[in-house]
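Across the two complexes that follow, chain A remains constant while its partner is chain B and subsequently chain C.
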Partner chain A sequence: MDHHTRSKISIMIFTLPAILLFSVFIIYPLLPTLFYSFFDYNGSIAKGFVGIENYLETLQDPVFWNSLSNVWRLMLAQYFLGGPLALLLALILSYNSSKLNMAFKTIAFLPSILSVTVICLLWSMIYRADQGLLDRLLMLVGKEDWIKTWLVDLSTVNWSIAAVIIWQYIGFNLILFYAGIKSIPHTFYEAAKVEGASFLQVSTKITIPLIQEIIRFVLILITAGTMGTFAHIQVLTNGGPGDVSRSVVFHLYFKAFQLFDFGGANSITVIFAIQGFIIFALISRFIARERIEYT
Partner chain B sequence: MKIYKKLLLLFVSMLIISNLYASGVNEDESDEGSRPKLKVFLLSEDSNRLTLHQDYYAPQVAEQFPGFDVEFELPGNAYVQKLKIYNAGGDLPDVFWGMDFVVESGNALELTDYIMNDGFYNKFKNKNGLIEYKNNYYSISPGQDAYFTSVLWYRKSILKDNDIPVPTSFEELLEVSDKLNELGIIPISNQSWPLTHFMYQDLIAYEDPEFMRDLLSGNAKFTDGPGLEAAKKLQELVQRNTFSRDVAVIDHQSHVDLFTSGKAAMLYHPLWIQAAIAEVSDDVGFIDLASMSQDSDILTGWGSPFNGFMISKNSKYKDEAIQLAEWMVSQDADYWTKEQNMPVSYDNGVAIEGMSEATESYSKLFENSSVMTLPNMTQVLFNEAVRAMNEINISKLITGQISADEYVEELQKSIEENS
Partner chain C sequence: MIWIVLTSFKNASEVYSSPFGLPQQWSFSNYIDSVKILGLTRYIINSFTYTVGTVILSIGTGSLFAYAAARMNWKRGTWGIQFFQTGLVIPVYTIIISLYILLRDSGLKNTFPGLIFVYSASALPITIMIFYGFFRSLPFELEESAFIDGANIFQAFLRIILPVSIPAIITTSIVVFMNYSWNEFPIAFITIDDQYMRSLPIAMTYFTTLRGTEWGLLGATMVISSLPPIILYLFASEKIENALTTASVLK
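Take a look at the complex of A and B:
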């Protein structure tokens, strides 16, 4: 047996436990979902094989596409607003070593450890028509014409939910970025300081390139969290008014547990899982492609 | 190996073995001395149900069932969702508040033989409190629902102080709404739930009670005249700002607070809301929306074969679970009769004193054979899927996403597809 073959066998032996665990806890549970997505299945009895009918119904269902677009909008809001804001705050915090940093980090992190129900009840009071904090603030600054029924108006409901989610997780992402930044050796910053580099230069030339893997990690967390959005919607709007604020997970839950169309719900799960794999593959392919070593 | 290391090793080994043994034992009977467990899943969203748990079930259950460890679960407003999950997994609690989907999926125990043989059935002075489904009883309650109906409550002082008469027709209701809106008062505090489960039916009955009866017996369609007119009336109420702006999402407590604080002049909610509005009870009047009067000749009853305690078909302790449910029914009866002064079908020997004016009035109406009592359509005509779709479509109707025509077409389609 040559060295190459021995090496391959070693790799297989060492990766076997991980592959086994992944198969048992991830792949195996997906199989019944895939299986029943081809059946007229009410959760208890599979009434008959329907081929790809559930998939066709899902793909022709405007509520599914609306739910998917809601998830995409929320994801984009997280990518281009929540994530960058958390990164910016982490950069500022790490650049200025004020004594208030710890207090700020604690306050910012607090929402992410609170229960979703508590957060949503808090925000539903903020959004409440007429008596809510937001409406009162707008009245105080003389902007009555900006007042909306935030969780009912079709133009604001999804953004109102997005604001809650972004607010809740900004502190969590901030801490991740901050930890990544703090792991960068000081020598880089000392050299930059000697050269007279500005905050912007330090951030774009040193910090951000060196925390690429953290950025990728945060992107994956944001994506997974956003794709699984359910509780916020359930507490704030129950998917409404009507079905305009549903996420995909809420929609599949509705199909399964309200309409007892588990076959249809499973087809949504499969389509959504495929989309998730594609997104994660793209993030892995294009973000942090090269591992940067500190030398 | 030194002696203390051997002892340590022995101790750790014994610890591991005892843990392994403990984890292998059924959790209902974790060791020889412990008692078997009965799980009870309670409705816990409203103040009545919370009081029942805090003041009636919890303090007495250990004394009543000394051989069992009775565990209550109060899921708040997640009750239905959680019950669905339990039901889908076939792992229902021993006792729970019933829903139709549990019966439809075959997970509810048939109670007829039990309650006939143990004398529970005979404790009902009015048998309407026990409602059969396919010749069987699946749930038990003291039968307070048989006396519940929807009510349009109003604050006497607000109407009187502003020279506004109590409306006697739909057109007058719109006029009253306009006047109240001009004064900056919300005309009616309403919420998605009563709106979906009662108001549309009341408006159909207002249009034509016989048509409502035909709908319930399957001899009419929602797309027919009165069904469509009622949907148009509902949409008109919204367009005339009769309800608060956030009626589609307002929570129960805020809905009640609008009325008790005087920000809303009227409140649309079933009779059981009385406890929550007790602080203003001296200032409250009431009418029935379907007749726009206090002496209604048509009522919508809330009783259903599923509204009561059910027992899981897979319960290990069926007899004990039934005894527990029957005891809880007696506690419910005590609560409704003694604390709420409301009538129940179950005879607990309590003569109700100090019945509220509304309760007394509606009790007389419910017991008056000349009054047409119609069952609630969302309870008897809709199954779970139709109810779910109807909630969505009512929400779309009141937020202007669909027209009244589209609403009735969707509702009729949903009924036909799911029947």
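Take a look at the complex of A and C:
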């Protein structure tokens, strides 16, 4: 049988389509991104080599820094709010797996399988200034003075966006945590049960220490996800009011396709990718020290 | 969510007068209007084509590659797997601008094959990881008996391996459908600039500006675009949860 699985020609026929497809549409595009970041480039013709001028311009651009701080704010909101909340819900659900709780788990997962557009249109109905659902609820409970133009008001717009993103992915993170908790062998809990340990004790002493890997893993997932934030911004606020709610990816999209500064946009990409690389290096240095092995 | 479904059955004035109540008359006019006025059929067909094309192409090329790496005496098999593993960490935003230029210059912009190629390429790493793991778990006797019967490797792959790979095919289809095609936003938004070629999620973002605030109408399009994933989820919630979390763990 060896001649079947050793034949160079059949190996080529099996592997080439995938390698070609991937090289052309994923690997190759990395090169022009780097290359044109050193050029004055409007997307059609490169008007000349400008060295690191694009980079200097980006680093002095207040809108770039604002969009970067928006991404970081989103990340922190996910780290300290979205992630912990998903973990807490997973702990509660696995502590008491009643039918009702399982139904909740199923429903909480639903938003993560819907398109960002649907989620964001739904939330723009909720946030809508004129007769939006949120404002109407506030009116019902008599908190009229809390009413705001949620997606326009400078003090609320970025948090309103963060709330949507946290809400959409909380069920997904919950399922990941839940699966991790369920994979802990029962023997760990038997002694605790005999001694009548409380939910809090079981969670902090047994469960959380045993799902370290999942926690690290969700952290990495959240980080990668927030860095790519684009669609939520596009649908909810279009980066506005003005440019205050832009994410970095939205900013580089705007720079390339609205201002036709493709060189500048590419320099943003490179700087942002380096920033992402540093964050992941920090996470794996200080938090995710052990390699995650799932087989 | 329920509120959206209710809204989609209400007429324009009722959306304002009783936003929380049940519709007085369950009317399908929003659904009919959304298809007629917004030209929804076109976008449903577009999204459907992109999705089916991507599922077929990524599974077709990905399973072949994974098979060679897992079960053929390919010296650089591990190298090949590592090549695609690194692909998992390339974020979309690093290539999106260059992709636009590549598609434009190659004449593939605003075409079905163009977006299907890009989607399939981006779905390839996860497809290959799933199939690679699956193929390695199969016993080698499977093909051996086929070879003894005189089959060549292509026949063995098509007739013996693929039929037993249904679980891997289903998992991958779910992941590709949910994460890489039907719901995909940034690539479609940036690389498609012909309004007739837009996918459903992209077309919907323009409906708000196009038609002001006809929330009933918009609710109907939101329901239509969410139906395929929701129906799938109702039938196989466990399977979908497993598929999507496995995929993210592989990342």
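Worth a mention:
Throughout what follows, the second predicted complex is superposed on the first by the 259 of 295 C-alpha atoms of A that agree within 3 Å, B and C clash if a C-alpha of one lies under 4 Å from a C-alpha of the other, contacts with A are read in each partner's own complex, and residues count from 1 in each chain.
Everything below uses one rule, namely that a residue touches a chain if its C-beta (ideal position, glycine included) is under 8 Å from a C-beta of that chain, and two chains touch if they have at least 3 such contacts.
Since we're looking at a predicted model, the values are computed, not measured.
When both complexes are overlaid on chain A, the residue A:Phe257 reaches chain B and chain C alike.
When the two complexes are overlaid on their common chain A, residue A:Pro241 makes contact with chain B while staying clear of chain C.
Legend: residue contacts after superposition of the two complexes on their common chain; A:Leu122 is shown touching chain C, with no touch to chain B. Shared-chain residue A:Pro209: touches no atom of chain B or chain C. Look at A:Gly43: by the touch rule set out above, it reaches both chain B and chain C.
More residues of chain A lie in touch with C than with the remaining chain of the pair chain B and chain C.
Contacts of chain A with chain B, set against its contacts with chain C after fitting on chain A, overlap at residues 43, 124, 128, 234, 256-257. Across the complex, chain A meets chain C through its residues 1-2, 4-7, 10-11, 13-15, 17-19, 21-22, 24-33, 43, 106, 109-110, 112-118, 121-122, 124-125, 128, 131, 133, 136, 172, 175-176, 179, 217, 221, 224, 227-228, 230-231, 234-235, 248-249, 252-253, 256-257, 262, 265-266, 269, 272-273, 276, 292, 294-295. For chain C in complex with chain A, the touching residues are 1, 3-4, 7, 16, 19-20, 57, 60-62, 64-65, 67-69, 71-74, 80, 83-84, 87, 90-102, 117-118, 120-122, 124-125, 128, 133, 143-144, 147-148, 152-154, 156, 178, 182-183, 185-186, 189-190, 200-202, 204-205, 208, 213, 215, 218, 222, 225-226, 229-230, 233, 237, 240-241, 244-245, 248-251.
Against chain A, the residues of chain B that register as touching in their complex are 81, 84-85, 88, 101, 105-106, 244-251, 254, 384-385, 388-389, 392-393, 395-396, 398-399, 401-402. Within the complex formed with chain B, the chain A residues making contact are 43-44, 124, 128-130, 149, 151-152, 154, 234, 236-244, 254, 256-260.
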